[in-house]
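Below is one structure, written out as structure tokens; the observations come after it.
Going by the order they are written in, the chains are A, B and C; count residues from 1 in each one.
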Amino acid sequence: MNSWSGRRLREGAVTFAALALVFIVIAVVIETALGRSDSRIATEFMLIASMVVAIQAYVGNSGLISFGHVAFYAIAAYVAGLAAMSPSDKERITPDLPAWLMQLEAGLPAAVGLALLAVLIFAVFTGVPFSRMNASVVSAATLALLVLVHSVINLWNGVTHGPLGLVGVPDLVNTWVVLGTSLIVVAGALIYRASPWGLKLQAVRENEVAAAALGIPVAKMRFVGWVVSALLMALAGSVWALNSLAFAPSMFYFTDTFAMLAMLVVGGLGSVSGAVVGAAIITVLSELLRGLEGGLDVGGVSVPELPGIVQLATAGLILIVLIARPRGLFGNQEIGGLRPRHFALGRGRS
Amino acid sequence: MSPELLIQQFVNALSIGSIYALLALGLAVVFSVLGLLNFAYGEILTITAYAIVLLVGAGVPLAIAAVIGVIAGIGMSLLTEVVAFRPLRKAPAYAVVFSSFAVSLIVQSLIRNVISPRPQGLAVPGWLDGVLTLGSIRIPVLAIITIVIAVLAMVALTSVLQGTKQGLAMRAAAEDFQTTRLMGAKAGRLILLAFAVSGTLAGIAGVLWILRTGSASPDMGFTPLLQAFVAVVLGGMGSLRGAVLGGFALAFVEVALQVFLPSAIVPYVQAITLLVVIAVLYFRPQGFAKKIEERVA
Amino acid sequence: MTALLEVDALEAGYGPVKVLHGLSLTVGEGETVAILGANGAGKSTLMNTLAGLIRSTAGRVHFSGQPIHGASAEQITKRGVALVPEGRHVFARLTVLENLRMGAYTRRDRAGVAAQLDELLQRFPVLAERRGQRAGTLSGGEQQQLAICRALMSKPKLILLDEPSLGLAPVMVERVFDVVRELRERDGLTVLLVEQSVVNALEAADRAYLVSGGRITASGTSAEMAGAARDLEASYLGGESA
């Protein structure tokens, strides 16, 4: 029982190759052809897609919905940002930091490393109670976690600069770092999916009672999934922070949580490929609609301001996908394991 | 702390707890029958609140506006069942988490676009701001009204559940949905009834909420949703009695933290409450429910 | 003798797993018919499909001449078919009385319901004694009686009993089968019964069918089937025989 799934590893390798190709192409296009704003969007896309993959590592394998992963993203971003900022900036806006952090001006590896450590501690601390809870309770608990972390970040002015957020975070990241990060996260998720821990968690997802009867330690497997996905999230989140010059607590709350979960649903909860494809679809849709939010003139016809249209459309899309194809585009399949019939509409088999 | 202040805070906690208990009950009713949480639940409150604000703003007397508001809330609840739950009856359980979430965002978006993204104030009638003085104890009139209305609502719910055929069917369905169908009870109708009851409770809570806060904003439904979840989880999922207890417990913890914590930490009350809840769940993942279950077996 | 229930080439299962592979049988009005077979042969699947809890994928079922295949569980109960499910499934947190009242859900004649309630409580003093208790506190045999009475409350014409003796002590099993006999003799009901215990089943029934691999492989009167009991033994995993 303590073995890896050869099939999943093979599928994973093919999938990784396909996704890596996509990411590499995007990176090359960014470096050679895209202007500043489009570059920004494309780079963000790679990082957001990585985060969705990280969430998928937990949600897809366990079947448990988590609203709390953005909390890991937040912690990673703030720790990496604070670690990398210059001491003079920090003295100005976050005066209550402990001395060692205040004096620190870390480079990329140290900042990311620190963020991973912080999230590891946090994930272990929360994972212990969470992995003992039953399915519905844990979803509500992760929601509480999101609110908790957001609330603390928002209020702790001395350490996080409160609602105004961190400004002056150095840009330590280039396109190739982002590419590398995305590849690591995707590889990590695919490997976990094929690993004994991933497989056992999937067994629990399918039938908790039967899995327990087979001797699978349910709570422990959920714990492993929680921590693994938290670390992947932290990796992407800290790199994201070092790519964004500034960020505020409002970015780590409901809107982003919902957007990422939407990407997961559209792509298919059980699939890493789905997470990436879902992220792509929603990102494209959001960009197209974002133009409409401020109102625009299309060939003489004036479209009025429509605040929140992006969210509305995303929500509508989720509803449609759920009704027409509840398991998402990819269901439980990866690119490496596709057969033509999987693209039929309706309640696809997974 | 003086005894007067203690009593006042106690009443305050009871009043807030009444609202939380109603909220928790509404959520628990649907959960007990369907086994699913309604993420568009907070929007029932939002719709009720906006209905009241708009009607009172147009000159309708408060009492009538309140009734219409509750009816609007019931409508919202039924709509959620029809749009987010019914079409996904055969889908995996997590699907309705997303679909009801989506409904919630759609409602918020629509309010932002059709009415206004900015909060709308309610002109609360003067007498509701009044205070009752008993000796040296000052009790807000609104607190008393809140407690009385909430208790009446809960008593009414209990008598419907215990005394009517449909109520009996709902209790049976909460326990064993399949077997209830074998008795000839139509599944669809039972579920609609559960959502209607849920909508009534949330609607009444919405009335009390808007009277208390005086303003409605598009995303106002989130906090009530969270409070209801926390209360239901504390009380043990699916236990109606537990939901009520959970609601009061949550209120008391919140008020206690606000009263006894040093003022520098007070803004963190919500965060600390959530920490307390997570801690409770660590030691008792089933919430309060276990004790009640043991009594039955 | 008119056929109350006609099952014609019925196929059904759970998702991609088919359990019934073209099963046909008839039950005449007033008869008590037993369904015998090993575990996994499809007996419970048959009962659940007849009751409407499982959708059949092919074949037809007619009750009193009317088609009921494809009808929902609620509709089938309304037509006069009552299932007492395997494992009894009494509502544990509701009282005995409330369970019985739930059985009468489809009825509108209050007086009739009240009268039948009194009558059943008199007939089953053990239930009368525990009328206000939660059904979960009753013993297995008492719950079985409750489940049968609950089914009777809907005034069915056909009663489906799925493994009534499952998990019960021999003394209780006897009592349960007394009740089964009463159903025919006293209540004039038609009974279709699934039973592991061949002896008890054949004693209570007029005819029996043997189910194996989702099909009927043998049928006949109780006398005929009892005579072939030794062959039946071969169909069971450590089963009993007369």
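Descriptive notes on the structure:
Note that contacts are C-beta pairs under 8 Å (C-beta built on N, C-alpha and C of every residue); 3 or more make two chains touch, one makes a residue touch a chain.
Since this is a predicted model, take the numbers as computed values, not measurements.
Graph distance from chain A to chain C, where chains that touch are one step apart, equals 2.
Among all pairs of chains, A-B has the largest number of C-beta pairs in contact.
The chain with its Cα centre farthest from the Cα centre of chain B is C.
With centres computed from Cα atoms alone, the innermost chain of the structure is B.
Rounded to whole angstrom units, the spacing between the C-alpha centres of chain A and chain C is 53. Rounded to whole angstrom units, the spacing between the C-alpha centres of chain A and chain B is 31.
For this pair, chain B with chain C, the centres built from the Cα atoms lie 43 Å apart.
Remark: chain A residues 63, 65, 126, 128-129, 132-137, 139-141, 143-145, 147-148, 151-152, 155, 254, 258, 261-262, 265, 269, 306-309, 311-312, 314-316, 318-319, 322-323, 326-327, 347 touch chain B in the complex. Contacts from chain B toward chain A in the complex involve residues 31, 35, 37, 83-84, 87-88, 90-95, 97-99, 101-103, 105-106, 108-110, 112-113, 117, 222, 226, 229-230, 232-233, 237, 267-268, 270-271, 274-275, 277-279, 281-282, 285-287.
On chain C, the positions that touch chain B within their shared complex are 51, 53, 72-74, 77-78, 82-83, 85, 89, 91-94, 98, 101-103, 105-106, 134, 136-137, 150, 154.
Taken in their complex, chain B has these residues touching chain C: 165, 168-169, 171-172, 175-176, 178-187, 296-297.
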